[in-house]
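Sharing a structure below in structure tokens format, with a few things to ask.
Labels A, B and C are assigned to the chains in the order they are written; within every chain, residues are numbered from 1.
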Amino acid sequence: MHAKALRSVVPALLVAALVLAPERATAEDFIIVQSTTSTQNSGLYDHLLPQFREKTGIEVRVVAVGTGQAIKNAQNCDGDVLLVHAKAAEERFVAEGYGVSRSDVMYNDFVLVGPAADDAAIAGGKDVTAALAKIEAAAAPFASRGDDSGTHKKELALWTAAGIDPLGASGTWYRETGSGMGATLNIAVGMGAYAMTDRATWIAFGNKAGHRILVEGDERLFNQYGIILVNPERCANVKAEQGQRFIDWILSDEGQSAIADYRRDGKQLFFPNARIS
Amino acid sequence: MQDFGAAFVEAFALIVNFDAQLAEIIGLSLRVTLSAVVIACVIGLPLGALLAVTRFPGRGLVVAVISGLMGLPPVVVGLGVYLLLSSAGPLGVLQLLYTPTAMIIAQAILVTPIVAALTRQVIDDLHIEYDELLRSLGSSRMETVATLLWDARYSLLTAALAGLGRAFAEVGAVMIVGGNINHVTRVMTTAIALETSKGALALALGLGIILVCLSVLINAGLMGLRRTAERMAYA
Amino acid sequence: MPEVLAMDFAEEIETEPAIVLEDLVFARGGRRLVDRLSMTLGPAGVTALMGPNGAGKSLTLRLIAGLIEPDRGQVRFAGGDPAPQEMALVFQKPVLLRRSVRANLDHALKTYGVPRRERAGRLAELLALGQLESLAERPARVLSGGEQQRVAMVRALVAGPRYLLLDEPTVSLDPQATAAIEALVSRAVADGARVILVTHDRGQAQRLADDIRFLHKGRLVEAASAARFFRAPQSAEARAYLAGELLL
């Protein structure tokens, strides 16, 4: 009985010890970057971060969520650096004291994608607001992020510029998915809907089926990324020194050319535009 | 759908080229899930057994609540744990957010009600059989719980397996509190979610097939172990 | 309504009773299953509780054991309530843990607080007592019915109980297994246990019991020495029962 009990208790304890082994022994030297699904899904970080680590030994852990959630997480001090694309919200974040200062990092652009059938006949156009007006007029299905992300905010601003309030049609031709970029694209492909996406995500997206880019090149589709150090005066846990090193590196010539070097299918996805003083 | 066939090819290729990245993700999945289930058992087994052997006013309500918590939405648990562990939250000083420990905590919360509720059912039946004997022997409540848990150990494996299945398949909670950080908190389910959002559906489904196979293997292994041990104890 | 309570204890009633049941009532669903039951039991020997099904014999045994609480009345023991190890029960259907024979006996010793050092020696004695040595490592619940009841019986004897309560312990056993159980009962009596035995088996009562309490519908109808009870039952109910006529 005694020996039998031991025989079953010992392996159980061993398993417990194995699975509960301390885990924080790895890389004390790391920072957390709150960022967006679009940058993560494009594969850009897999290209940039090893170079930065090589140079500095600092590990960068990326939490990829919607811009809205990324900003919220950073406000909760759950991150050292914020790298997102919603300029107005970013400037407010800094103005309210959550961040130290904001710098432009790079841009890519948004595109309108849609099914080959193109019921609203927007293909080849350059004027994004005209295209949106055609979609509304045709009541053709349009898949919106609907998640308060940077992309979503941009899309809403464009509808406003076109003089349309799509929310009135929500649930009919205007479909708010409440999901990330990739999930929204999956839905758009599934239901033959139009959608607005950043070009990087679209190029890297693997489930295009018959969908393709229909409208691109309008200046209003410009998508600016900014980087902000979370304010260490508000958040004592912020690793300000390592975070600043990451920011300095990504804004440096070396970081900027690393961004420019990143290509998918031979196409450059992001265009560095840091203004180094 | 052409992706379905492609998924099996993809899964097969993943297994054949079993690389470090896949090993890392599977390893972390197992570590997080098994740790969560061990913790859930340490709490849920005695809790469920105690509920089976005690009678007190409001017991029915407690039983109903614990059974109800079996259906806790993982996203809600993830959000709750996020708010607790966030640097702005009450346990922020521990700096556990975006670590495997945070994922273990969230999954342990998800699994404990399952283990406790199923344990209560199993122990209830055994307690009816043992009650008069144990009382006539003068067993204390703790001795009664220990005796019942030990004698029901093979049936209770099923409760642990139910919890394991839940934890292994869960994505909502670990996504929020782990952050799906590459090489740090990426597990099978969050990797599947990521590949899906990248539109790499065949790869996502391939990972899913591997996840299901692992789950079946673990279950079959433990059930086989149970049958052998049971044979040794009963026959 | 006054009952005719046939009393013939002149020979066996003791001056100092060991157990006194006072006016016990146990009701369920509005029916009194034990109805104002009073009796005294002397300090030694074997008392058989007899009566037809539903007479309240097993309930009375459980009231004495303290496993159920009476709605009215009380059970008093000379020298106060016995400690758990001073009173042992054997049930009609043996309740054995899902463990080996040895572990079943060890569990009782451990629960009684016997230190580990003393348990090994005591276990060897007990296994010998029940002729269970060859079965010691077998899982208890795969043994035959007779073997299982022998384990339960030996487990009841682990601490040398002062009171041994038996609820139809041989009802489903063959004659050989029954004899083995009865031998253990006699052994316990010789060691000074006070035995209360619920049985339907007239032969068993005659072999083991010193005196009889005959119950009917939750009441005590007759109390007599075993010899007297079987030779010349006083109550109409006992006569009918012994004649094999169904009484309910």
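Following the convention adopted for this analysis, a residue touches a chain if its C-beta (ideal position, glycine included) is under 8 Å from a C-beta of that chain, and two chains touch if they have at least 3 such contacts.
Not measured: the values here are computed from a predicted model.
The interface carrying the most C-beta pairs in contact is the one between chains A-B. Distances from each chain's CA mean to the overall CA mean are smallest for chain B.
Look at where the CA atoms of subunit A average out and do the same for subunit C: the two points lie 78 Å apart.
Note: centroid distance subunit B to subunit C, computed from Cα atoms, is 48 Å. Averaging C-alpha coordinates per chain places the centre of subunit A 31 Å away from that of subunit B. Along subunit B, no residue makes contact with two or more other chains.
Residue positions of subunit C with contacts to 2 or more other chains are 99. Looking at the complex, you find that subunit B touches subunit A at residues 30-31, 34-35, 38, 86-89, 92, 95, 97-101, 179-182, 184, 194, 196-201, 203, 229.
Contacts from subunit A toward subunit B in the complex involve residues 8, 15-16, 19-20, 23-24, 32, 37, 40-41, 45-46, 61-64, 73, 75-78, 180-183, 185-186, 189, 204-208, 235, 237. Those residues of subunit C lying in contact with subunit B across their complex are 62, 65, 67, 83-85, 87-89, 91, 95, 97-99, 107-108, 111-112, 139, 141-142.
Residue ranges on subunit B touching subunit C, taken from their complex, read 129-130, 132-139, 143, 147, 151, 233-235.
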